[in-house]
Structures are given as C-alpha cells and as structure tokens.
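What follows is chain A paired twice: with chain B in the first complex and chain C in the second.
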Partner chain A sequence: MKRQKKNRHVGIIGVGQTAFSSHKEHQNQPEMVHEAVRAALEDASLGIEKIDCVVHGNMELFEMQFQPDLWHSLGTGARGKQQYRITTGGTTGATLVCAADNLVASGRYDTVMAIGMEKLQEGHTTGGITNMACPLWHRNLQTGALGSNTAATAMIEEFGADRARRASMHYRIMMDKHAMLNPKAHRRLGLEYEQAEHLMGTSPVLVGELRLIHNCSQSDGACAIIFASEEKARSMSDRPVWVRDHISVHREEAYNIFGKVRPESTMRYAARRIFERNGIKKPLEYFDIFEMYDPSSWWGLDWLREFLLLEGDEHFRLLEAGEFDLDGKLPLNPSGGVIASNPIGATAATRVAEAALQVRGDAGEHQVKKEVKHALASGFGGTRWTVLIMLEKDLDW
Partner chain B sequence: MTVVQRKGVTETEELISLRCVNTIYQRFATGPVMGRWFSGFRERRFLANRCPRCGRTQIPPREICAQCRVRVEEFVEVGPKGEICEIDVYYYASPDPLTGKVRETPYATIYILLDGATAQETFAHRLRREDIDEARKGDRVRPVWAEETQGRFKDLLYFELDR
Partner chain C sequence: MAGKRVAICAVAQHRNVSDLWYKRIQGMLLDCLEEIQAQTGVTFDEDTGINTIVSCSDDVFDARTISDAGVGDALGAQYKCEEKMAQEGLNSLGYAMSVILSGHDDLVLVLGHCKESQPESRNICTHLGFDPFYGRPVGLDYLNVSALQARAYMERAQVTEEHLARVVVRSRHWAGKNPYANAREMVEVGQVMASPRLCDPIRTLHAYPVSDGAVAMLLSSEARAGEFTDRPVWIAGFANCMDSYFLGDRDLTSNFSLKNAARWAYEEAGIKDPTEEIHLVELMDAYAYQQPMWMEGLGFCRDGAGARFLDEDGPDRFHVNRSGGMLAGNPLMIAGLYRAAEAVMQLRGEAGERQVPGARKALAHSTTGPAGQFHSVLILET
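What follows is the complex of A and B.
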C-alpha cells in the first residue's frame, strides 16, 4: 500500500471532557454533550461560529435512540453546519478522530469538532451488544464485551498462573493509582499494591480468569476535540498538537481465531504498518506516553507486547519494573485508562484528548514529569477493530 | 432529588427519568451460503466452505474468503466431533436475545476445532452445563441436537464431552 500522505497538516487546538461517572441524572444527553463541547471551545478560546463541521459519535443502540446526532445538535451546536455521524462500536471515538483528521487534511474543512458521547445508564450495553451481534449466527452466542479470558489463559500458559495473575493485578492497581490523580475518572478506588493478593481471590468472576476488578467500567460522559488545518491551527492556537498519522485495522472473524494456528493480532498488524511507514524502529524508545484503549487489565497487559512490538516477556518485565508508571520509561494511561472510565462513544476519543493534554503539558495532576513530544493513542472495538493514532508536539517529521 | 442554584437561591428539584421496555420482532434473510449451513442443520451436518486459494475452511461458511478476496463456493462437511481449543466459563448473567431471558449461570462457550477443519478455524458453541467442571483444553466433544431439526440456531443445543 502507498504511504498515506495528507494533503496538509492537522493540529488539535482544543479538547473538552465531562467528568465520567456511573450516572448523570442531573443532565440529559444534549446537555452532557454540551458540557464537553463548551469545555473544548473554551480550551481553544473559540466560539462555535469558528467550527465548520461537526463529527458526532456514539453507539446509538446502547441508548436505543435513533439519529442521536439530531437531538444532540442542541448540545453540539451543529445546526446549520456540516455534520457527520460515526458508529463503529468501541472504536467510535478513535474513528471520530480519524474522520476529523481526514476531513481537515483533505482541505474540505478548516476546522472540525469531533464529539463522542455515551450515556450507558440510559440503555443496556450488554443487551445492546448481544442483540446487535450478527443475526445469522453469532447472536445465539454473544455475551457482551467480555472477551479477554482467552488472552488471560494464553498468558497463564505462557508465563505461569502466578506471574500472569500478579502482573494483571499490578496493571489494574497501577491504572487505579493513575485514575486517583485524574478528577474526571469514573472509578477511583484507592487501591494499593498490597491488596493484589486479596483481590485476585475475592473479586467476583465474570468469565474464567476475568474478574470484575480486572474489567472496564460502564460510564456516562462526553469528549470533544477540535481539529484545524496547519494555517488555522497556528493562527488560533499557540500550542497545537499535531496529528501525525493514524491507522485503522479490523478483521471479519471474531469467534473463529482460537485454533492451533492463530492469526497476527490486529494490534501488532496496525503497529507494524504505522511504525514502518513513519520510520519508527523502536516504539518503546520513541514514544513518551501511550494512552491505550484497555478494556481489561488482561487485554491491556497482553496488547502492550503487540502495540510496542515486544517479544517474549518484555512487557511483563517492563511492567514489573515500573516502566509504565507516570515516571517510568513509557507512562501508560496517565488518565487511568478505560478500566477507570468507559463512556463507549467517547472512550477512544478520550485517549486522544488525554494524549494531546500530555503533549501540551496541561493534564494537571496526572501530567507526566518528563517532556512529552511523541504520544501514541489507541482505540479498540468488536471484531478486533484497532486504531492507532500518533500525536506530535513539533511539526518536524 | 438534587440541589440547584438559581439566581442565588438554593432550591431542591425533583429529577424525573422515564422508563420503557422495547420488544422487537425481526426477520433476516440468510442468503445462499448461510442458507446452506442451516439446511445442513436439518440433517444434523456441519457444512463449512473451503477457500479455493488458501484452502482454509470457514465455519460457519462465509460468502468470500476475506483474506484472499475470492468467492468461496466449495462446501465440505466437517465434524461432527472435534477438540476443545479454548473454554470461556461465564458467571456474568447476560441476556439471551433469542429468549429475552437472563441466561442461567455458569455457562460455557467452547472454541472447537471440528474434525476436518483447518487448524486456525475454530467453531464456537455452548458446552453442556454438566460438563463445565470437567472439560479441559484438548478434550474431545460431540454435538447434541434437538429432537426435531428445522434449519435454525436452536437445532444445535450444545456440545458435550465425547467419552
């Protein structure tokens, strides 16, 4: 495939997030969307009249509200503007970023606002996922988004039960420690590493090795990101964060990949392709932070090896040595990640928003100590849909 | 109830939420390929299809091989017995869209390499509830069919250990 060149550079010039929580009884959907939109506009010091186009994203069958972008336009401010809607499952928020980046890079629009939202408490997420599965076959089998037991058992086979279970809990508690520093995070439990042993044995089992404590939350919340062409970004912002590249990969098989020969993961495939075309040989050395879409501590741990193109137990050793902590070699999910907050249509957009804040140095209490010049963000959804997005502080590649 | 500030006055305001239940009946065309799969069910047979280029068996059959981007027209019978490659034992009580009821837990999904299938292609289905504690990766399983098969999901009840 040809190097996917952009017509022009694109910068992120504003981000806004609501706080994420289990319930938002004090506001309806447009009001929640509006909170994030207003925050993004304030962050960019812009009025809505400066936005050419709005890209809206959620999983409409989770709230079971058709054409949500129309109702939500009360909150997005899209009236009279171009508007598009994205609905790609867990990946929605990342696809929003890809779409907004493409819309600006193409030259079609100078400023695009991407807005991802979900109010999971207003629908039934597992019911939605289960009822939406392929009607010809998988609908009889689908059980919500609880797929990571197979990754857990594979890691237990490879690294031994004790080491794998400890590493997964270490990952989980590390994420909680990061979430404790992020006032917008949904689940902030105040866990300590000494509790690992206890939690490994007492947290309710969801599926096989996957316990409640390992898994992501169901959250309400919204995230808005404003993209602008290089010229506009430079005139509107003193610290634009550049979107260097993005890649989107998925496969049609979801249930039939657990045989004796396993295909390359969409994570490793995506990482190989995007790093190769950007000349990045050692992603672990290159990137300063990674905001990963980690639906559970098992998948999060497993995918580190894939995304960072590591081999053997390198990802375990890095985790055990604290290299993914806020002051480590590659701080992972300073925000607390998806395990802490998961408003599905906003989740992957939040990875990019948080990565952009880290590049700017504006993340607040969970800002990493070192300078962040190169950031990586990922999205994930059903049928192993994987998106990787690279952000840069300087326009120098 | 929530406390709101309005023009400097603190008031208590009732928060009203609406509740509703949706029940939707649907009908889906299976097409010639999945139609063949379901017609095989009437005779209690698993009809996979084989990619003419890479040779992999697809279970259930698919219209094309997405890797080779070619139409897949050759059907091959696989199974009915096979080997367990992975087991997911569910304790989370999820809704069953075929009945609308909450599934009884625990239940298990197994990923089965049916006899005659190529090594990467597993077939997922339920394991007999009574076999959950005993079943291990590598164990042999066989299908259990409904008394009357009509060419639908429910013809295939579950798999059980083949002992």
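What follows is the complex of A and C.
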C-alpha cells in the first residue's frame, strides 16, 4: 500500500498489569483479567462506562477454554459493549494493540480497551506450542525451544562458540538485573555477571546449545491498555502516549529449507518497512528504549541485529559495551523482558504497556535515566511472526 | 483515509459439505482465493496488492494452536500482515472495515475457514466454552443451553412445534436453490416433527448440520473499489454486543445484546425503520427457534410476537434467509461470513433463483456464545 495518513491520532491513556508469576491459585481467569482491567482504569482515572469497545486475546488451547472472552466478560467489563477477540499466537498482545489503534483511528470508537491474558499454569504450555505445528509434517518435531537452538548454532558458527556463549549469557544476566528492578516480573533470580561462567556449564540443557537459564518462563498474568482518539486522549489524560505506527509480518517458517541461503527474517523485513515509511534512517539513534519480545537470550541477541538493521557483529559489540543497559545508548527491556515473564497472550501487550510507562516516566525503579521520547516495542509469535509498534511522547512527526 | 466508505469488491464461498475429507483448510481457501483473483485481478504486490489479511477460524474446532498458522504461506501471502478474528466471522468484516477507515491499509482480504467434521463432536468444543467451575460440571454445551432458551422463548412467544417445522421446511425450500448450501433435500412438516430429539425441545431437523466450509472476501477503500469491481457493495454499518456470561444473570428471551447491536448498526447506517428500509435479512439461525426470536431482536416484529410473525409470513415478507440460512448448514465459526456473502450476492443481483428483486439494502447477522450471549449485525448497501 502507498503510505497514507492515519484517519486520526490515537493515544494510550492507561495501562494495567497484574504481577506475573508461575501460579495464581487465588484467582480464576476472569478475576485475574479483572485485576489488570481495574489497574488500567485506575491508571486512566476512568470508569468502565467510558470504554466503548473491548478487544480480548489469548490462545484457547493453553487453558483449553473455547471462546474465553465470553466467560472473561465477567472480568473485562464487556457486558453491554462492543467487543472483538483477535489472536495471532505469541504476537497476540501486540496484535491487540494494532487492532485497538485501528479501531480508534477508524473513527468508529473513541475509547478502546485491549486485554491480553494467559494462565499457563492451567494447561500444558509446551504441549500447546507443539500443537501449533502442522499435523502432517511438523508436529513430531516442533517445540518452542527448538527454534532458539537453531539461532544459537548459527551464532556460534558466525562468531565462534566462546564469544557467542558469553554474549548470550551476558544478555541473560542483564535481563535478570532489569527484572530485579521490576516488582511485577516473574523470575527475579539476582544473577551477577561473575556467575556467567558457572551457569554456562551447569544450567540444564534443553536442546543443543539452549539451556534452561537462557529460556523464558511460563507465567500467569494479564495486561490491559486503554486507547483513545486524540481529542478524547487530550481531555482524559495529561500525558497520553501516541501510537505512531505499527506493522505485522507473518510467515510460516518452521525450519529453513533453503540451506545456507537464509530468507530475510520477518524481523528485518518488518523493521525495514516501518522505518522506511516513517523516515527513520538510524533506529539505534532514534529510539530511546526498546521493549523486545525475547523468548530466549539467544533469540533476543540475534534479533537485535535484525530489528535495529545492524550488520556483522555490531549487536555483539553494543551488548559487550553495555549499550543495552538501563544507562546505555538504547536501554533494552527495562522491565526484564520476556525471559523474566511470559504469560503468552499478555506478553506482547506488556511490551507496549512497559514502553508507554517509560515514555510517561512512570516505570518506577526500572525507569531509564534519560528522557524517553521515542519507544519501540516488538511482538513475536508462531513460527517467526513479527509485530513492531512505535510509540511517541510528542505528536510532532 | 481514501473515502468514507468501505467496499466489498468480491466474495467467494466454498460449498458447505458434511465431510470434505479429501481437502485441507489450505485447499479450501486456495479455491476461494483463486476465485477472488479471477474476479478482481488482485495480487499480493507490496505496493498495490493485498498486505493485510483478516482471517477467521478457531483453535478448538481445528485442534490446532494458531489455527491460521498454516494458511498464509499456502496462499502466497508471505511477509503479509495476518490477524485472526478468533470469534464468529462476521466480526472480521467489522474489524476489516475499521482497518480501512483507520487509513492503515486500503485493501483487506478476509478469509474464514472451519472443518466441523474434524472434531469428534461439536458439543465437546462448545462444552469447553463454559467455565470449569459451574458450567462444565453440569455438562453445559451450546446445544443444551439453546434448548433451555428455546423452551423459554416458545413459552413466551407461543411458538409451537409446528411453527418450528415450517421454519425448517422453508429453509430447505430455499437451500435447494443455493448451490453453496449443505442440507438441500426437501422435507415436510411431519418429517421435522417426527425427527429424533437432540435436546428437548430441539429436534435433529431443527439443528444445523455438521458442515465444512470456507469464505473469502476482498474489501477496499472507496477510492480503490473501482480497480476491482464495477459493482461494489458498501458496508453501511456494523456493531456487536456482549451479554452476561452466567445464564442465571440473563433473561434468556430478552435479546439484550442483539437489540443493542442492531440499534448501533442501524444508527451507523442511518436506518430509522428496518422493516421499511432493509430488503433482505440473512440470519444465523443455528436452531429453528432462533429465526423468529432473532427477528424480534432485530426489530422486525414486536417482543413476544414471534408466532404471529411466522403465521403472517414474516420470513417471506422480509426475505429472511433466501440462502436457506444457517439451518441449511455452515460451520458455526464462520456462519456470519456466509450470511454476508449471500447478502453481497443478492445486492449484486447474482443470487439466481433465490434473488430478491431490486434489493438495495441488506442485513447480515451472527451470534456466538451460549444462548446468544454475543450478537453481531452488519448492514450492506449498493
């Protein structure tokens, strides 16, 4: 499509998250959703009656609940309102944000609340993920973790085993240091960089180069975000965070069948397209923080090169120089990211919620020191599906 | 934004069949896509073609996490945006309309697919739609909950078994003229009334048959519609609404969510009196009792006057379900898309023997959730 103007601007005026944890036995699904919804409404100082439309998302087979929005309406407050339920696997939370942005920008709804949730404790997560694979060809092979290992072996081949393993563990410990500052994060282990050597040798192997310590958790949690049209956002909030643009790129690629010739990743394709149409030549310079959906420290590190349109070992050098730390050039996942907390249907929405809090300066202990004017958030799902969302402090693009 | 309206430029329906064992969902959708491409010449070009797909399917019915995962690549849509409407398919048209009006894209491909023949039982799927604490332990599913609603509604509106039988007979009459319908054999009133009970008062012939099907549509902005068709059908309004979850919190005969959805859709489409302004209605009537009941909710007859509506030939006067409707068989999750596809064909004058002469404005309806918890209403016009 030739670039055309958005019908009207859309701002985020409230975010709410539950704490993320491995078990939430004190809450059922609607109660957990309700906690996030209440938090978002309180954050926006709104009552539920001000919400025109609700967008709900999670993956049915993780909890084995068919059309869960119907039961969850007890917690979402959707009764008597319009509602959509939109999902795309792991990207679901990001897709909810794209959908809410589209619904408000269309002029058909002034205020939309997007709600992502998952209660992975109630199902079998890896079973659910394996069930994603084609029943005829891939189901005997597929698990979520396998993909990370192929990235790991490719990185070892390119950068050498010692450097790649150290960088991956450095990334992992950096994420834990960030998570330690976020009281909502699920796994907060208190790791130190001195432990890297030890962990590289002792953490249980999941597959090949992928060890337990590298990988994301499975969490329970919900995230709600309230969107409003420019006019409503300005009247309802003194600090709306503007959604500038978003892009979704999907490709079903369980395994690369092209040998050494790797097709362009959906991450690089998405980044290239969205930066191009917004006139951003150097994403590393432009963005002030990046909340990335990083399911493992191998994938996270690998994808930095793609998302930031870097070449060669630039991403390794930036990591090694501390440029992704909270006081670095581009603070990465101040929340601790997905390795710390992964309630799948809420995970990608949480990236956007955290990015919005950073733009507002409301992230608390994990707030980055410099002013955040431009934020980037990503979603990952299925078999290499990517969503990128750009948030802005000022309406000046 | 390129224009204030959204056009449906093309529709393609896969014929509904009971067990399409020899074809996968990808094959069904490829048939539909090729038909859309033949009608419009649309491509997946980065600048001028389809870059956004809104699909509709369900993980539980497909027993596949991300039931849309295997679709895009098979159709040639690598690197495209694809978002799944994980509820009944009519909502994907409401959402696709918003995508275009937002200015985010000016062309959207809508794809719906479901093979109901694959699960052991539809009732097992919909049983999972209930909460594990109260609903599931007593064995609720959409069929037995609909039976509760049917009994309550029949009491209230004095709808009899014979009324329901006539609804089914009429559905089959029109389904016989619809090449996309599944249940096309003629039946008589006595046959319907003697068909086995599924769940009192719902009989086998009161219920939609298990069906496999797929639908595709191409939607565009007003500015681009001319590139793809000289007979665009415009989306004039769309709305949906949620009711309470627990059956005990609802009056099962109130049509609460349908009335809201209809009111909002009529407002958006500028409709003051639907009985005068709407020329045909495509209803999602999964069970026969729903046809008069939903017509009450849509404002085509007074509350509780369903029996009179049927006695006075309401379905014929308002051209309800000339396709045979849901009673002739569509997959549950995309029934509304089939309803909309039929409405588009009617408005384009392509409905053959079942054509409503001079139809210029149509209503397509769908519902999800137990006993009509959630309803959607779409208004189309030429």
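To be clear about the criterion, the second predicted complex is superposed on the first by the 388 of 397 C-alpha atoms of A that agree within 3 Å, B and C clash if a C-alpha of one lies under 4 Å from a C-alpha of the other, contacts with A are read in each partner's own complex, and residues count from 1 in each chain.
Simple rule for what comes next: a residue touches a chain if its C-beta (ideal position, glycine included) is under 8 Å from a C-beta of that chain, and two chains touch if they have at least 3 such contacts.
For clarity, every value in this text was computed on a predicted model and none was experimentally measured.
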On the A-aligned overlay, A:Q82 touches which partner chain: chain B = first, chain C = second, or both, or neither?
second
Going by the contact rule set out at the top, does A:R251 touch chain B (first), chain C (second), both, or neither?
both
Answer with first, second, both or neither: which of chain B and chain C does A:N149 touch in the superposed model?
first
With both structures placed on chain A, which of the two partners, chain B or chain C, ends up touching more residues of chain A?
C
Looking at the overlay, what does A:R108 touch: chain B (first), chain C (second), both, or neither?
second
In the overlaid three-chain picture, which partner chain does A:L70 touch, first (chain B) or second (chain C), both, or neither?
second
First (chain B), second (chain C), both or neither: which does A:P204 touch?
first
So in the superposed three-chain picture, is A:G381 touching just chain B, just chain C, both, or none of them (first/second/both/neither)?
second
Examine A:M32 and indicate which partner it touches, taking first as chain B and second as chain C; both and neither are also allowed.
neither
Please indicate which partner A:P135 is in contact with in the superposed arrangement: first for chain B, second for chain C, both, or neither.
both
Please write out, lowest number first, the residues of chain A touched by both chain B and chain C across the two complexes.
64, 131, 135, 251-253
Residues of chain C touching chain A in the complex
1-2, 47-48, 51, 58-60, 63-66, 68-70, 72-73, 77-87, 91, 94-95, 97-107, 125-133, 135, 239-246, 256-257, 260-261, 264, 268, 368-370, 373-374
Looking at the complex, which residues from chain A come into contact with chain C?
1-2, 4-7, 28-29, 54, 57, 59-62, 64-67, 69-71, 73-74, 78-89, 95, 98-99, 101-109, 128-129, 131-132, 134-135, 246-253, 266, 269, 381-383
Quick check: in the complex, which residue numbers of chain B touch chain A?
2, 15, 17, 22, 26, 28, 30-31, 34, 37, 58-60, 62, 66, 85-92, 94-98, 103, 109, 111, 113, 117-126, 153-154
Within the complex, chain B is touched by chain A residues 25-26, 64, 124, 126-127, 130-131, 133, 135-137, 139-144, 146, 149-150, 153, 204-208, 251-253, 255-263
